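The two complexes that follow have chain A in common; it is paired with chain B in the first and with chain C in the second.
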Partner chain A sequence: MTGPEIERLIQLLARLPGLGPRSARRAALHLLKRREVLFLPLVEAMTAAASSVRTCSVCGNLDSCDPCTICANPKRDPSQICVVEEIADLWAIERSAAFRGRYHVLGGVLSALDGVGPDDLSIAALVRRAGDPAMKEIILATNATVEGQTTAHYVVDRLAGLPVRVTRLAHGLPVGGELDYLDDGTLAAALQSRRAISSAGGGG
Partner chain B sequence: MNRLASVPLDTAVSAPAPVHAGAAVVRLTLTDFRCYARLRLDPEATSAVLTGPNGAGKTNLLEALSYLAPGRGLRRARLGDPDRRLPDGSVAGRWSAAIVISTGGDCVTIGTGHEIDGEGQTNGRRIVRRDGAPLSAHRDLAALAAVVWLTPDMDGLFRDGAAGRRAFLDRLVCGFAAEHAGEVAAYQHCLRERARLLAEKAGDATWLDALEDGMARHGVAVAAARLAAVARLDRATRAGIGPFPSARLEMAGEIEDWLQRMPALAAEDKLRAALAAGRDMDAATGGAAVGPHRADLVVFFAGRDVPAVQCSTGEQKALLLSIVLAHARELAAERGTPPIMLLDEVVAHLDGARRAALFDEIAALGAQAWLTGTDDELFAGLRSRARFFRVLDATVTPR
Partner chain C sequence: MEWIDDGIVLARRRHGEAAAIVSLFTRAHGRHLGLVRGGAGRRAAGVYEAGNLLRARWRARLSEHLGSYACEPVEGFAAGVLDDPLRLEGLAAACGVLELALAEREPHESLFDATLELLRGFARPGWAGDYVRWELRCIAEFGFGLDLERCAVSGTNHDLAFVSPRSGRAVSASAGAPYRDRLLALPAFLKAPAGDPADAAEITAGLLLTGHFLERFVLGPQRRALPAARTRLVDRWRHSATISSRSTRDS
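What follows is the complex of A and B.
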């Protein structure tokens, strides 16, 4: 019915989250019909992103430069790190424009049943960053799920003894709610009223 | 794709004087649920009596309603169990249920069933929607309406293992404290994760610390909520409800004992320490030697002060009903919202006096009750106070 190029396009589109063969066929048709205004610009954007976007070796964010724009920005407070589970959470906090420090992406949560342990997360790198003498505060912004809380507890233990203040997003976040789904106002308020869970050394 | 779209509420409501303070089901729509290819029922906020022969589909209908409570329904089914099957065992369709309930003047549609992906396939999870929008957690249901049930499967509740009694109690606790379901789920999650780590001998101590901290916080919250609920139920059932036996309720368990003697925070510390100290032993046994998952609900027949398990089957059934009615009374008194009661094959075991008292109590509470039986005559006392339906070969017709 269609040539191999179109079949291949459909097959690949079908691997995108939320798309299956049927919706992939629709998307392919949509692109092919809008060759100039959508398809070619999309191809260009994808090629550019694929060749330039990489994982930031400092924080784990995705960007076209390494360190990423946030890590490289001298106006962002280097003495404050906000720890999130996923890049999507980092982007959600950035959208709220409520935070002027830097980030650290763990890359998931501890889950024995899913076989995800501390070595599978970017925890050792976080401990290294936290050990920087200039570091003042680590803000844990893992989700309010049981896994998120367990992971936060684990990170707190691993940071114990370092001269940094460790804080957690304020309660009031809906339990089971994920950061990515919170509106900007709620996020900003949670950041504002974070509370200390440990303060070592000369921290506040 | 939106198979659970809310059904329009277009029927004129002309119920026989519903006096419902609590939540009540006003419409039930089932698709491929057990024996029902499709069912639409409009009980219109009154209590409902379902009669019909064995195998007609009465319990299946109550099971669908039990999905209004967090958990796996009154049969503790796996996700695919209710899918309607053809005689050759093949699946005729994936189930879904849309339940419209009225709460304090508002109507809310709860839709539940398989989560279906863009291609119409189940992804192995159950979704719950409230007016079309997915709930982030099933336990959010507990805040909407309390649902309790008594079924023939629970006849052995006092005789069988403690797990059944804990599950029964936890459903009652959710009526008092909607967050209880979430605490239980969080505790069990940490318990399972810790057991896995201990079994694999892979977990570092810090990870175990984190999980035991979760067990301590959620576990003490679970135990405290159960204790408070049992104290309330004990008071309420001792008073006795008409001809129903009065019961004495106690919580047996280590954490529960601690909570009688020390503040909750101290109990958390004690549990945390006990878990840390018990790692080697727990690794060998595959569980956890201490925690609210080992607690038990102990019920006595108050008049003669004998344990429920030593009572006759009929008395045990009456005791369970006493507890459920006491719970409903407490909820009605506290929030003006008695629970929806699913009473499967309960009435047949009651003598005339208790039967009449049960019907009066349901009416006095303003609760919506769903009652089943094979014999129509037993429900004569509910005429004018409930809707009657005949269930036969998976069809339900108003009488």
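What follows is the complex of A and C.
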């Protein structure tokens, strides 16, 4: 029905997350119809990204420079490191604009099923970074799953003895969450992590 | 084919983008796998955490097919232990041992009930002793029960202090003294009625005892090693034992 080049394009697009064979066919057709405005710029962007993007040797983030833009930014607080499982988690926290420190990407979680042990994660590099005299706080932002928290506890053990404060993200109610729809575990965690409400407010 | 049963989540492997293959330890159908559509998605993530109890409906065209699960949460045990490293490793170790040791689709109803009791007990003090007893129960369930009632040499039921690593039978302190380096320690709480408190050194000894026989009798023949979570559990208790013995010595 179509030439081998188009079939190859469809096959490759179908490997992308969120795309099956049918949607890959639609995407390929869309690209081919908009060759000048979309297809060729996309090819250029992908070629440029493939040749320039690399893993940051400090934190494990992906960027076109090494150290990455976050690690090289002098305005970021060098005394705080937020430890995340994957780069997608780093990007999620960056989107929130709630954290002005630096990051460390572990590259996964401890998982016996997947054969991931401590040596497969970037834990030794984190311990080295935490040993920096300027370091004050390590924030563990691993997922609230059995594997994520197992990894967090393991990291806490490895950081024991270093003069840094180790904290973790709170577990509880999401913004916009309704109690009736929350699972028992989240509700229990939210109750355990309750805190006093000040009538004075935070206006300073 | 269709059935409904209670099941404890042992493991979840991602399958494609949003689906997952979930391994459940069910009461009447043993360890049983099934595909969960959307099981790796955000909405279902909390439901299929290891250790959670679910009400599962399994469907397949033929009984030998993988089939698919539709599950509802019944009791969430994982969330209650996330903040406690020892309990979290205990829960992960229990699920890991069952995932490796249980044959597929072979019912073990009494072990299911014992596992459920163990999971409910993680909230109570003394759970670690219960965990060691649960592993003894596992070893017995697979046909290799240890005889910790009387000495294999003298037949006495007093002064039991060791266990033979080959036969799994208890040995008294006097009969075992010449071979103490080659025998496994029998911690006092395993001789006492369930519920008696055990210190960190005893829990470590208990875990080393059950770990030896799990490897020798249950997992070794399948060419499998103990799960990593269980190894970390032993390390944590050993570390606690070292700290408490050091503090006792200092005081």
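In the analysis below, the second predicted complex is superposed on the first by the 172 of 204 C-alpha atoms of A that agree within 3 Å, B and C clash if a C-alpha of one lies under 4 Å from a C-alpha of the other, contacts with A are read in each partner's own complex, and residues count from 1 in each chain.
Keep this in mind: a contact is a pair of C-beta atoms (placed from the backbone, for glycine too) under 8 Å apart; a residue touches a chain by one contact, two chains touch by 3 or more.
Keep in mind it's a predicted model, so treat the numbers as computed, not measured.
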| item | value |
| --- | --- |
| Contacts of A:F39 with chain B and chain C, given as first, second, both or neither | neither |
| Which superposed partner A:W91 touches (first chain B, second chain C, both, neither) | neither |
| Which of chain B and chain C A:H153 touches, first, second, both or neither | both |
| Which of chain B and chain C A:S23 touches, first, second, both or neither | first |
| Partner chain(s) touched by A:A188 [first = chain B, second = chain C, both, neither] | second |
| Contacts of A:A144 with chain B and chain C, given as first, second, both or neither | second |
| Residues on chain A lying within both footprints (that of chain B and that of chain C) | 18, 110, 112-113, 117, 146, 149-150, 153-154, 157 |
| Of chain A, residues touching chain C in the complex | 17-18, 110, 112-113, 117, 144-146, 149-150, 153-154, 156-157, 171, 183-186, 188-189, 192 |
| Interfacial residue positions of chain B with respect to chain A in the complex | 117-119, 121, 136-137, 139, 182, 185-186, 189-190, 192-194, 196-197, 200, 202-204, 206-207, 209-211, 213-214, 218 |
| Interface residues, chain A side, partner chain B - complex | 18-23, 110-113, 117-118, 146-147, 149-151, 153-154, 157-158, 174-178, 181 |
| Residues of chain C touching chain A in the complex | 11, 13, 17, 45-47, 49-51, 73, 75-76, 78-80, 82-83, 85, 88-89, 91-92, 96, 99, 227-229, 232 |
